[in-house]
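Before anything else, here is the set of structures, which you'll find just below.
Look for chain A in each of the two complexes below; its partner is chain B in the first and chain C in the second.
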Partner chain A sequence: MAKSQESFDLVDLKLKVSGRGDRLFFGFSSVAAYFAFSLVFLIVIFLGNASFSTFKTQGLAFFTGSTWDDAAGVYQIFPMLVGSVLCSILGLLISAPISIAIAYFIEFMAPPRLAKALTNIVDLLAALPSIVIAIWGAFVFAPVAAQWAQIINNKLGFIPGLQNTSGTFVGSPFIAGWILAIMMTPIITSVCREIIGSVDKDLVSAALALGGTRFSTMRRVVIPTARGGITGGILLGLGRGLGETIAVLYVLNLVFIVNFNILENYGGSVAPMIAAYYGESSEVGVSALLAAGVALFLITLFVNLIAQIFVGRYEKKMAS
Partner chain B sequence: MESLNPISSNSFGADVHLSTKDVHVWFGQRHVLEGVNLEFPVNSVTALIGPSGCGKSTFIRTLNRMHELIPNAKLAGEVLLKGQNIYAVGVDPIQVRINIGMVFQKPNPFPTMTIRGNVLSGLRLSGKHSRNEDELVENSLQAASLWNEVKDRLDSPAGSLSGGQQQRLCIARALALAPDVLLMDEPCSALDPGSTIRIEETIRSISKNMTVVIVTHNMQQAQRVSEQTAFFLAEDNNPGYVVEAGLTNDIFHNPKDKRTEDYVSGRFG
Partner chain C sequence: MTTETLRLVTPETPWRVRSKSQLVYIFIASTLPAALTFLIADQMKLAGLIALTIVFLPLQLLAASLAALITVGKRGILDAILTVSVLFLMLTMGFLLGSVALSLVQKGFKALSFHAIYQNSFYVTSVTSLEYGGLGHALVGTLVIVGIAVIFAVPIGIAVGVFLTETQSRMRGSVRFLSQAMTGLPSIVSGLFVFAFLYLTGWVQRSAILGSVALFLLMLPTIIRLSEEVLKLVPQELRYAALALGAPRHKAFFQVIFPAARSGIITTCLLGTARVIGETAPLIVLVTYLPSTNFNPLSGDMASMPTYIYSWLKFSTDLANQRAWGGALALMILVGVLFTLARFFGRKRF
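Let's turn to the complex of A and B:
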């Protein structure tokens, strides 16, 4: 008779360490893991400690007001928060459709060799240092995009949000949005590529056999099936955009006035604002900048959390 | 005109609906199918049988231009639907696929759509319209023998159905486009015997006014559902070809070729 399962001695394989090499490696891994954990913990403590006084003195107006005056000790970041979200959403509007299209092309249309090359090229885009994109953006792209902005303003300037009273088109949220789109595209593409690739190929065949075109197949079958994962990928891109510093600093004219006109020549964004003001701030000012960092961190954390929930739920659905 | 094949308007006494002339298929450099000449008479069921890897699934995909979606796939020869070559310049492959429907090996209803949505998916995908969608849904599900089981839950997700029901939903989905021909690539291989019998009944009933081509590994099934049978074979890395084709009864009980006899009597494959 076979032994019943209960009578086996269960050994916890995870913790079973044997041999000197194993012990060393185990020790090193544990230290590294605990170190990373403590580091995050310490950073959170530091941020909380450094920003606490700002939250205390500025109160809720820190989030809702529009004045930043280091000399007077007034620190309010509302235009920057609005700007961060506005520029990132603009970036998403541009990069999300492009990324989904690239992902679909790579997974379903490109011959294998081209698909591989494209995957690498898009990933390479993610490897470009921000400062390179920043300089290219400021000196090469911005003048061109400013012309696009002018054309849009000429034709559609009557629409609220596309107005421009200054007559200058550089330094706008529109241009910052484009730059962010370039930085978001690789991450959104790579998530969408994996998600779209995991859609059952049989469903795609079925759709094509029912007289579907490439486009209707994507719209009616692939995207609805992969919706949760694609949403997660887009939110990860949003997180990337919210945190981008140097590239936005180079192309956006930071002004503490709330601006929803995307073609106007100024805007806001939290991360570049911190970078711009850090060097010339008083000690209290630096604490306020760190508080702004905390606010941005919370927003990004929230966006990433939602993204992970979406991606996780999608993967679970696919596994079942 | 001389008939190219035992399955012809002469031998079967019906008009030829779909036919192939000297069809060859390559995947990259590999020649996988050689010189297939077959004729499918109107409102009949033709079974394609043969061992794995003989090219019968590849062949059925050439009949509605699904074949060309495989990277590096090439084709020579003609596939004629009512006399017109579906590969001729200027023929829209999408229209071909609307006229020649397909049911796959594994039931593959769209999981994000309801039962009703699945039946109407062909319309949505191909941009066609129907004046009376409710009637179309009912008729298609009736024709696929699924209506009575799902009429009270048309808005439930397709995934709530059993495997056999899902496959009949896929048949209904193809029928909703009112195709001339229905291709079925081993439609029962993923189903239990009870579901298989239901599908076979459905095939018998839809073939009253539709030409059906079915790939099957199951020789009893070929005998139960088809009027004609074509036997495919590929030997030692050579391209697959049709050894023998004709009335199902002849292929199984009075084959002309020794290899056919060996295969249908279960000596190999």
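Let's turn to the complex of A and C:
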């Protein structure tokens, strides 16, 4: 895609916009473009405005404290922020290797027809509704994953982070991590596949012809060329994971206590917390939830912008 | 791509050729560990998953490495490990997704029947037999809510695509950058924004249109990106030809460029729709679930497929669960149909 970028500018022709029809046509497209451009700011302004009172009354403790009490009017989301990051990183630890493996398989190992079919399946999975994963996660996956967690805890429970004091294993960040991994994999895979696929095939053939093994080709040719793009893809997946709501809501036991033990039966995450508390909050509480939404938006926006920069830089490198 | 035209001879790939003895080793290395694992697991009564990760994976890695060592030499070991781990990781995900598909069909099939597609759930409680009621109201609601989102998102998305491909504005880079950053807009934040922007300000009363706006925001970045890609695929010569014939630029677009890109544009719309049709979080926040049919997006509550599933998940009876699974299966079928249509229209590209 990026290659045709240069040839696209109609600079030579010095085409002018002439006539009412043209002005209307380009006027509409410009208005639409500026609208799309300003959406980010609109979201920050309106959400920020609606939740300003919360930031004012709670102060910095909104981000650093661990109490959420609607009756007392105390709103602090630190455990949820920590939980969001913890669950997403767990998800990434699972989904990033899997995604790169699938992308590698599609580009280098699969016969063309299978590769095409797999590409289509991955694209379809990107549209997998989170409510479907939620219902599967709650009824089918969670009981099974709880058994896995129990086994891990039995064998490796002495390692900090894998401890469990409650004796029950359902509702842990571990399970949420798996669920997030399923939601992240299609996105990371489709970016990685495009990136790995855009590595010059002649370069790969050359490396193999020089006697390189598939592993050394992957390590010395594919990965170094594609590293930036793959990082971008992983960050996009992270953004998706941070914002995932419903699927996590059903498998994670939301408790306002900071928890780093991934097998413990409670955890936190901002997005599902908003959905869970939304219906039963007072007016002030809703404003606090909007504030949590602002925090979530800024974090995901930050992650996505960095991802865009990585992917964009890679595409530019490939185009030149 | 000048190399394409130069490549008259397909290059030989001697590293792909495998001798017969190699094939025998590969065969042995790929069957023996599985058989061994089966035996060991049977003897020691291990659960499937433990057998797979603790017994099968190391055995398979060992066997593949040995086979590589014998046939290729030391250099082959890392190759074998790479191949085995790639396949193992793939199968892990395949196993999980296969389980999703299987449980959807197994558990959802019972609740889907002909009458379930057109009846609503007005008199249905969590203990009503599956012979009564259905998800017709949710289908209608989803069609209305998503339909409105599509009607607004498609022209605006394509207009931005036009801005990005047909103009030379200096803002193109920033527009592309920020609109793509919106791809990662968490769906719940989209819902909260619409809540703060339209409802708290008192501009719009609580109704289905709020949900449409939230979905519109979520699908816009997808449509912008895809329509830009599709418009870029239209050969530049077509543009020049139309303009050389004296067509004003808007006519060149509507009569030449757009028709040339039409199949791609249809794909764009369908993919954008498939992306948001299952969005749950904003609808939970914005549109209250209603168990009966409502066609009016401007007033009253409305059901939709995701909130239909969500509402049944609140009950713990078997029948309510089955209805939820049925809804999930129907939703997945809907996404699948949209996606297949998109691929069907998308085949005819340049």
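Miscellaneous remarks
To be clear about the criterion, the second predicted complex is superposed on the first by the 274 of 320 C-alpha atoms of A that agree within 3 Å, B and C clash if a C-alpha of one lies under 4 Å from a C-alpha of the other, contacts with A are read in each partner's own complex, and residues count from 1 in each chain.
One rule holds for everything that comes next: a residue touches a chain if its C-beta (ideal position, glycine included) is under 8 Å from a C-beta of that chain, and two chains touch if they have at least 3 such contacts.
Bear in mind that the values here come from a model prediction, so they are computed numbers and not experimental data.
In the superposed pair of complexes, A:L203 makes contact with chain B only, with no contact to chain C. Contacts of A:V82 after superposition: neither chain B nor chain C is touched. When the two complexes are overlaid on their common chain A, residue A:F46 makes contact with chain C while staying clear of chain B. When the two structures are aligned on the shared chain, A:S216 is found in touch with chain B and with chain C.
Shared-chain residue A:P112: touches chain B; no touch with chain C.
By the touch criterion defined above, A:I234 reaches neither chain B nor chain C. Contacts of A:P224 after superposition: chain B is touched, whereas chain C is not reached.
Judged by the number of chain A residues each one touches, C leads among chain B and chain C. Of the two partner chains placed by the overlay, neither chain B nor chain C lies in contact with A:I195. Counting contacts by the rule stated earlier, residues 202, 205, 208-209, 213, 216 of chain A appear in both its interface with chain B and its interface with chain C.
Every residue of chain C that touches chain A in the complex is listed here, in rising order: 3, 11, 13-15, 47, 49-50, 72, 75-76, 78-79, 81-83, 85-87, 89-90, 92-93, 96-97, 99-100, 103-104, 107, 155-157, 159-160, 162-169, 171, 174-175, 177-189, 192-193, 195-197, 200, 217, 220-221, 224, 229, 232, 236, 239-240, 243, 248-251, 253, 271, 274-275, 277-281, 284-285, 306, 309-310, 313, 321, 324-325, 328, 331-332, 335-336, 338-339, 343.
Per the touch definition, chain B reaches chain A in the complex via residues 64, 66, 69, 71-72, 94-95, 97-98, 101-102, 104, 106, 108, 110-113, 121-122, 124-128, 170, 173-174, 177. Interface residues of chain A, counted against chain C in their complex, comprise 1, 4, 7-11, 13, 15, 17-19, 21-22, 24-26, 28-37, 39-40, 42-43, 46-47, 49-51, 97-98, 101-102, 104-105, 109, 120, 123-136, 138-141, 144, 147-148, 151, 178, 182, 185, 202, 205, 208-209, 213-216, 218, 236, 239-240, 242-246, 250, 271, 274-275, 278, 289-290, 293, 296-297, 300-301, 303-305, 307-308, 312. Interface of chain A with chain B (complex): residues 111-112, 200, 202-203, 205-213, 216-217, 220-221, 224-225, 227.
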